[in-house]
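By written order: A, B and C. Residues from 1 in each chain.
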């Protein structure tokens, strides 16, 4: 095998590529972004801008206002970053999210929406995107995010806890949107809009699918504490004690699981017919 | 010798004060003074007042119980002589960049009979807002601002909620998503020169510094009307705004 | 003898070229961009090359996994169809072509000429339909209209059961599909006659008749799995030994393919991937005959061949670099086109060769990409011991760029310019090196 000089050549090309690539590594990762004028952005924001234009602009729009070229075809509508209002947060209602909240949303995606999981982007790229997204609203310069609401350890699930949760589901008027059976057909359901005036449907708690901001009990607890800003879902942080919120969580989980076994029964029934 | 310097200094100081006084005509540098300049007036509705929409509260019996005779929407409320209620009247321009401390006394919005009481609230930026739930049902109070932060809180009976809005905004729609018929507006001003018209459509803006102002009236359904007004010290001017109903309304 | 052999080589080279033109890239599907509202650049580093987001989407069964993948969520007017074609101008030059001194008179003696030709042309049309039939059931169907004959062939046609047992590690594909190769020939960024394919997948030593080309779509089944972040991937394929041709295999045999890779993130550089693969196959060397005519499907004397390689795919910011080393060998009967029930000529042996492929991209922006490739093939053991050691060795260089004037979710357009040149050692009839050159420019579009 007479590849001596060629092996050398190969090696040289490899080293040259890597070195020059490292020097020019303005957009690290698998999927480089657009170069562009810096316009007062930091290096990180600038890289984020390049990536934003590669990945996000189709829905969220060049100005970050949620009016990308595909926004008219999407339901729910893409987030308007200029409002700095975010559903999935660990911070109290009305306050800005932590970077880690935005990172979780980008990584997880928003279930049952057009927003996919951006896990395939490197962590660095996701942080760059967050840095850039925050430049769309002056609030991120003027305000600090609120302190994350604490999530105390989950008490054991019990029938009593779920029963208390069912009572709270009644007394806190959860049913007026989510329906007495949790199917999202409450009396107010048809009237709901998000904060930009687009119709929005309450979550069908029986669907058994993932919640928008994560599927775990802790995430559900957090959603009840923070509310989903920009939607009709309020915060219960002032209204309920942590134990009561856990009761609600336990009740909601029984609705979900009950529906799972019920739908299995339905299927069997249909087969029998 | 020393005395002469003092005299010159005094003279200079006097000149400065004089300059200051001379410039007082332009309100930009005028500290809020307790002059009694005043703009009063009335907001009229011309045309046929649209019939209030009946609200069906059957979805929440605890609400329905409080309105044995049925409830009606408060979109356009005018008295027999056309006095239009629930209009924000305020100075939208002419105060320059004066800063005003918010009043100590909080503004209050009450949820009563599954309606907002008062129907609209005017307040100053950074002023406290007390949200009261006087009902026996759980509400959620959900302001939908453009210029302030949006928040949304569940409020069971009796729980006090205290909030504030840091930026001027006319006007922030407020919803209770649980009870979709509930709708209010909160107007936030960076100065204290605002009023909400009463049942007879009257308003009264007191203690204004003399100057030329743009006076604005804002109604949730009828929109905005603007007038210019110039008032001297201790002067009182009367202004009338007229909103016309839509033809056939 | 020598000339006959050279004629075969020339014919083979021609065939190779035709295959390369016919099997031009297929997979770039604006139908997906339309479905999800994402710009092309979200999934394509530079269309049609995928980035990690696009690769994860593909590996997930054409699903973003946000519960909006199944057709039930689509507007009924949405039709998952896209087409791709490339109107182009190209030049082909071949050196040291044996030419009759007087055209039409084979007795007039032979000279060596350089033949250049150029003109306007079209690629074939690929009609791409793909997506999900239901949640976790995906499909791809690519009828392709050949540029030269206008006949329709089935480039791809498969169904895949995704995320079996709710695990990304188990996905089962059935049909005709592209193997999970280290660098996709269907997503190649070069399109010319000489540069539009990888020597890596298609090279055979002169005279070798083994019917295999890993880069082409194959018929069979595939088990593919990956970690949730798609960093670790494996693919196992069982294929009919037909090299993707429809119909049953001549020799009732199957080929196997395996590919394993792992990627890791290097901060400030990007995702780096290393992997290894192997392909083992069999092909018949003769057929039963009736009246001297081969009976289809009666292939006998199966002999084997293999390809094995390892590769790296490095990212360094806007640069990415792929290096592939492959070791290959064919059985002596296949390599000498000899039926296995006959005796091999003297000195016949199994040829062994190695290929090195280096491809680098500089993605200035999602709308402009520069491409450079160098491939070398070195035969370490010739099919006949008497053949000169470096006979048939190749060096192929391709450079080009693609410029995408706009970047939307509805359609894709690229202005493409490319130059490619291949030198083959000692392959002219006079025993000298030959060079084959392509210049290509055109509009590559899909909608």
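The definition used in the following text is that contacts are C-beta pairs under 8 Å (C-beta built on N, C-alpha and C of every residue); 3 or more make two chains touch, one makes a residue touch a chain.
Remember, it's a predicted structure, so these values are computed and weren't measured experimentally.
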item: Arrangement of touching chains [line / ring / star / complete / other]; value: line
item: Two chains sharing the most contacts, counting C-beta pairs only; value: A-C
item: Centre-of-Cα separation between subunit C and subunit B, whole angstrom; value: 72
item: Chain centre separation in whole Å, for subunit B relative to subunit A (CA means); value: 37
item: Rounded Å distance between subunit A and subunit C, as computed from the means of their C-alpha atoms; value: 40
item: For the subunit C and subunit A complex, residues of the former touching the latter; value: 36-39, 41-42, 45, 51-53, 55-56, 64-68, 75, 228-230, 265, 267-271, 314-321, 323, 354, 356, 358, 360, 362-367, 374, 376, 378, 380, 389-390, 408-409
item: Interface residues, subunit A side, partner subunit B - complex; value: 83-85, 92-95, 139, 143, 171-173, 176-177, 187-188, 191-192, 195, 227, 229-240
item: Subunit C partner contacts - residues on subunit A that touch it in the complex; value: 1-3, 6-7, 10, 13-14, 17-18, 20-22, 24-35, 50, 53-55, 57-59, 68-70, 73-74, 109-124, 209-210
item: Footprint of subunit A on subunit B - complex, ascending; value: 59-60, 137-142, 144, 149-156, 159, 161, 163, 175, 177-180
